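What follows is a single structure, and I will ask about it in a moment.
Chain nomenclature is as follows: A, B, C, D, E and F, assigned in order of appearance, with residue numbering initiated at 1 for each chain independently.
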Amino acid sequence: MSRLTHLDEKGHANMVDVSGKAVTTREATAQAVVKMLPETLHMISAGEHKKGDVLAVARIAGIQAAKRCSDLIPLCHPLMLSKVSVELTPKPESDAVLILATCKLAGQTGVEMEALTAASVAALTIYDMCKAVDKGMVISEVKLLEKRGGKSGHWQVNP
Amino acid sequence: MSRLTHLDEKGHANMVDVSGKAVTTREATAQAVVKMLPETLHMISAGEHKKGDVLAVARIAGIQAAKRCSDLIPLCHPLMLSKVSVELTPKPESDAVLILATCKLAGQTGVEMEALTAASVAALTIYDMCKAVDKGMVISEVKLLEKRGGKSGHWQVNP
Amino acid sequence: MSRLTHLDEKGHANMVDVSGKAVTTREATAQAVVKMLPETLHMISAGEHKKGDVLAVARIAGIQAAKRCSDLIPLCHPLMLSKVSVELTPKPESDAVLILATCKLAGQTGVEMEALTAASVAALTIYDMCKAVDKGMVISEVKLLEKRGGKSGHWQVNP
Amino acid sequence: MSRLTHLDEKGHANMVDVSGKAVTTREATAQAVVKMLPETLHMISAGEHKKGDVLAVARIAGIQAAKRCSDLIPLCHPLMLSKVSVELTPKPESDAVLILATCKLAGQTGVEMEALTAASVAALTIYDMCKAVDKGMVISEVKLLEKRGGKSGHWQVNP
Amino acid sequence: MSRLTHLDEKGHANMVDVSGKAVTTREATAQAVVKMLPETLHMISAGEHKKGDVLAVARIAGIQAAKRCSDLIPLCHPLMLSKVSVELTPKPESDAVLILATCKLAGQTGVEMEALTAASVAALTIYDMCKAVDKGMVISEVKLLEKRGGKSGHWQVNP
Amino acid sequence: MSRLTHLDEKGHANMVDVSGKAVTTREATAQAVVKMLPETLHMISAGEHKKGDVLAVARIAGIQAAKRCSDLIPLCHPLMLSKVSVELTPKPESDAVLILATCKLAGQTGVEMEALTAASVAALTIYDMCKAVDKGMVISEVKLLEKRGGKSGHWQVNP
C-alpha cells in the first residue's frame, strides 16, 4: 500500500508538488444521495412550477462549491475547472434525491475533490431548504463514481 | 405538513426574514461517517505521532467550513458562531471515522447547517488526504443529531 | 453639505466608527434594470418551464452577493443580514428585466450597499447567462429606492 | 438566434464545457457611469490632494472584484487574469464619473464578465463613499464596449 | 501560567466557546514596520501626488484583511467590527514605514487578531508594490501595542 | 533605480499586464520569526503529543493563506500554485519559532507574495493560539529568502 501523499516524512501536511505532472484532460464524477420523507420529496419534485426552485438552488450551490474547493479543502490545489455540471434526480422509489456532479479540466491534478464537494454542498442545500418540514433527512453514499486522466488513468467504483 | 419556508408564494427562493425571531442560545450537533479500508484507517489512526496530521487537518477544515456556511449554502443567514468543535474518532470495529460537529451561538436563527457543513467538509478532507491509497471511501450518515434553542426547541434524531 | 464620512481629516479612507450608533431595524430597497433585445427577453421570460433557470440563478447570485457586500466594498462594515429578497420581473413593454432587492437587519449601520450590490450582481448574472445571444445588453438605473431606520430615518427617491 | 449556452436541453443551468476551446489572448473593456450632484463630483475630483482617496479606493475595489468574478457570477469559469486596469474619470460636463475597466488573459474563455464586474463594483464603491452626502446617485450605462479574442473574435458596441 | 485555550484536554484545536462572555466594547491597536532602502521610501512617500497610491492601496488592503481575519486564522471567531483604521507613516529617520492598525467592536471576544492581521497585510501590500525595485525589504516588529475591554481589561506593551 | 511597476504614469495602481511574460517554473522561499516567552515555546514544542496541534494548525493556515494571496494583496495576480510547504521549527536557543514557506508554480508571474503571505499568516496563527498566555509575542524578520525563475532569475537575500 502506498503512503499518504499529503504527509511528508515527518507526518506533516503539505500541498504536494504537482509541477512535474503532465497536463492531461481530467474528469471525475461523484454522487450524493439525500434521503427524506415521501412528503418532502413530493414537495420539491412535484411537477408544479412553484417548487422548481429547490433543485435549481441546490444545483447552483453545488457548482459554486466546486469552484471553491481549494478554499475549503486545505491541501487541494487551486485549479481552473473547464466544466461543472450538477444533476439532481428525484427517486420516488427510494424517497431520495440522487445528485451527480461532474467536473473537468486540463491540468496537473485531478478533480475528484471538486466533484465530491459539489455533490456534498448540493445535498446540504437541499437539507437547508427542506429542514423546516423534515429535520431527519440523511445524506449518504457520497462517493467517487469514476475518474479519467492523470497518471492513474481510468478508475471506476465497484458496482 | 408546513411549507418550505425558503420559497415564497410564487415558489421563488429568498433568505427568510428572521428579524422578528427571539435571540436565544442555539446549539446543534451533526455527524458524518467516513468508511474506508482497514489499512487506511490504520494509517491515519495508529497512535504513531507521524500520522496525527490527517485528523488535525480535517478538524481545522471542518471548523473553518462552519464559519463559511452562509457563503456556501445560498439561503443561510450570516451569523456569528460563538463555538465550533469537531471531533474525529476512529472506529476500527466498523472501518470508519466518526465525525461529530457542534456549533453554538446566541442569535435569531439555528446552527444546524453550520454543524452539518463542518461535519461534511471534515469528511471530504479525510477523503482528500487518503485518496491516493483508497479511492473507494464513502461518506455516509451525514445527519443532524440534536438541536436546542429557538422556537422549535429541543429536537433529537430518532435512535 | 456634510463631508465624506469615509475620509478622515487627512483625506485617508477608513472604516468609520459606528459603535456609538443605536441598534435599530434598518431596511433598504434598491433596483437595477437590464435592457436587452426583445428576443432575449422572450427567451428568459417565456412561461416555458425550461427557461425558468435564468431568473432563478440571477436571484440566487443577488442574494449571495448581498452577504458578501463587506468583502467587495472596501469600507463597508460586516453585518448580519436578517433578510434578503431579490425579485426579477420581465417588462416586455420596455424590453427589460426590472430587479428589486430588499435587505433588512437590526444593527448599527444601514443596508443600502447590500441592496445595491444584490441588484447589481443579479443584473450581471443575467448578462452572463444571455451574452452568447445578446452582447449589447445594458444595465442601468441602479439606484437606491428607499431606506428606513437609523439616524437619518426614512428616505425615498424622488419620483 | 442561438440558444442560451448556460442552460442544457432541460433548461438547467450548468457551467459549460470550455475544454475544447482554443487558448487565445482575450481582452474586454466595459464601462459604468455614476451620476451625482455637481457638489459631490466636486468633492471627489477637486485637485485637492485630500480627496484623492475616493477614486483610489474605487479603483482597488474594481480590480479586486475582477479577480472574484467567478465567485460572484455562478456560471463563470475561474480564470487567471493577466491584467486588470480600472480608470475613473470625473466628467464635470455631465455631473458623472466615467469608469472604464479592461481585463486580459490567455485562456479558453472570455473576460467580459470580469470587466463588467470590475466596473460595477468600482461604481458601487463610489456610491458607498459618497452616500452620506448624496443618496440619489445613479449607476447607469453599465455595458461591454469591446472584446477581442476567442471564436467570436472582435466585437464592439454600436456607437 | 495558564493553558492554551484553543486546545482541549486532548490537545485538539477547537474554536472556544465565548457564549458565556460579557458583551463589552473592545479595542486593540497593533503595529508593523516595513524597512526598506532610502530610495524606496522616498519613492512612496515623496509629497508628489503621483506616488500617493502605494500607501492608499496598503491602507485598503489592511482594512479588508481585518474583516477577513476569521477566514484566515482558523480558530478566530467571526465578528462584526464597528471600526477599522490603518495609518501608514513614512519614517525617513529609520528608512521605514510604520503601520498602526486599530479595530473596535462591541462583542464577546477581543479584536487583537484583527488589528494584527490588518497591520501585517498592509505591510505585505507595501512589499508587493515595491518589490520590483527593492526585494530586500523586511517586515518586523509586528506586535500588539494595546488592548481594552473584555475580562482581562487594559493591556499595554512594555515600553 | 527602476520605477514602481504597479503604478502607471499617473501614479494610479493597476494590476500589471503579465501576458507577454514567459511561462517558467518559479519558486520562492520566505521566512517569519515569532519571538515568545520561553514557557510559551515550551508549551507548543514539547514533544508531548498533546501540544502538537498548535504547529499543525499554523501550518494549515499558512498553506491556505498562500492560496488566497491574490484575494488579500490587491494587485497580485491570481495563480495556480503547484506546491506550498510551510515548516515550523522551534528554536529554543532564541525563544522563537522559525517559519519557512516555499511556493512553486509554472506561470508568468513570481510567487514571492504567496510565500511571504504563507509565512505571515502562519505566524499570526501562532500568536492567536498562544495569546491567552503571552500577549507580548513579536513577529519579525518577515522577508524573502530566495527566488528562482522569471526574467530576473535567481535572487537570494544577503547573508
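In this section, a residue touches a chain if its C-beta (ideal position, glycine included) is under 8 Å from a C-beta of that chain, and two chains touch if they have at least 3 such contacts.
Not measured: the values here are computed from a predicted model.
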item	value
Label of the chain whose CA centroid is most distant from the centroid of chain B	D
Which of C-E and D-E has more C-beta pairs touching across its chains	C-E
Reference chain E; chain at largest CA-centroid distance	A
For chain A paired with chain C, centre-to-centre distance based on mean C-alpha positions, whole Å	31
Multi-partner residues of chain A (each touching 2 or more other chains)	12-13, 49, 52-53, 56-57, 60-61, 64, 68, 74-75, 79-80
Arrangement of touching chains [line / ring / star / complete / other]	other
Chain pairs in mutual contact under the definition given at the outset	A-B, A-C, A-D, A-F, B-C, B-E, B-F, C-D, C-E, D-E, D-F, E-F
For the chain D and chain F complex, residues of the former touching the latter	25, 56, 59-60, 63-64, 67-68, 79-87, 104-106
Chain C residues within the chain A interface of the complex	49, 52-53, 56-57, 60-61, 64
In the complex with chain D, residue positions of chain F that touch it	8, 12-19, 70-71, 74-75, 77-80, 107-108
Touching residues on chain A, where the partner in the complex is chain B	1-7, 10-13, 39, 43-44, 48-54, 56-57, 60-61, 64-65, 68, 72-76, 112-113, 116-117, 120-121, 123-125, 127-133, 135-144, 147, 155, 157-158
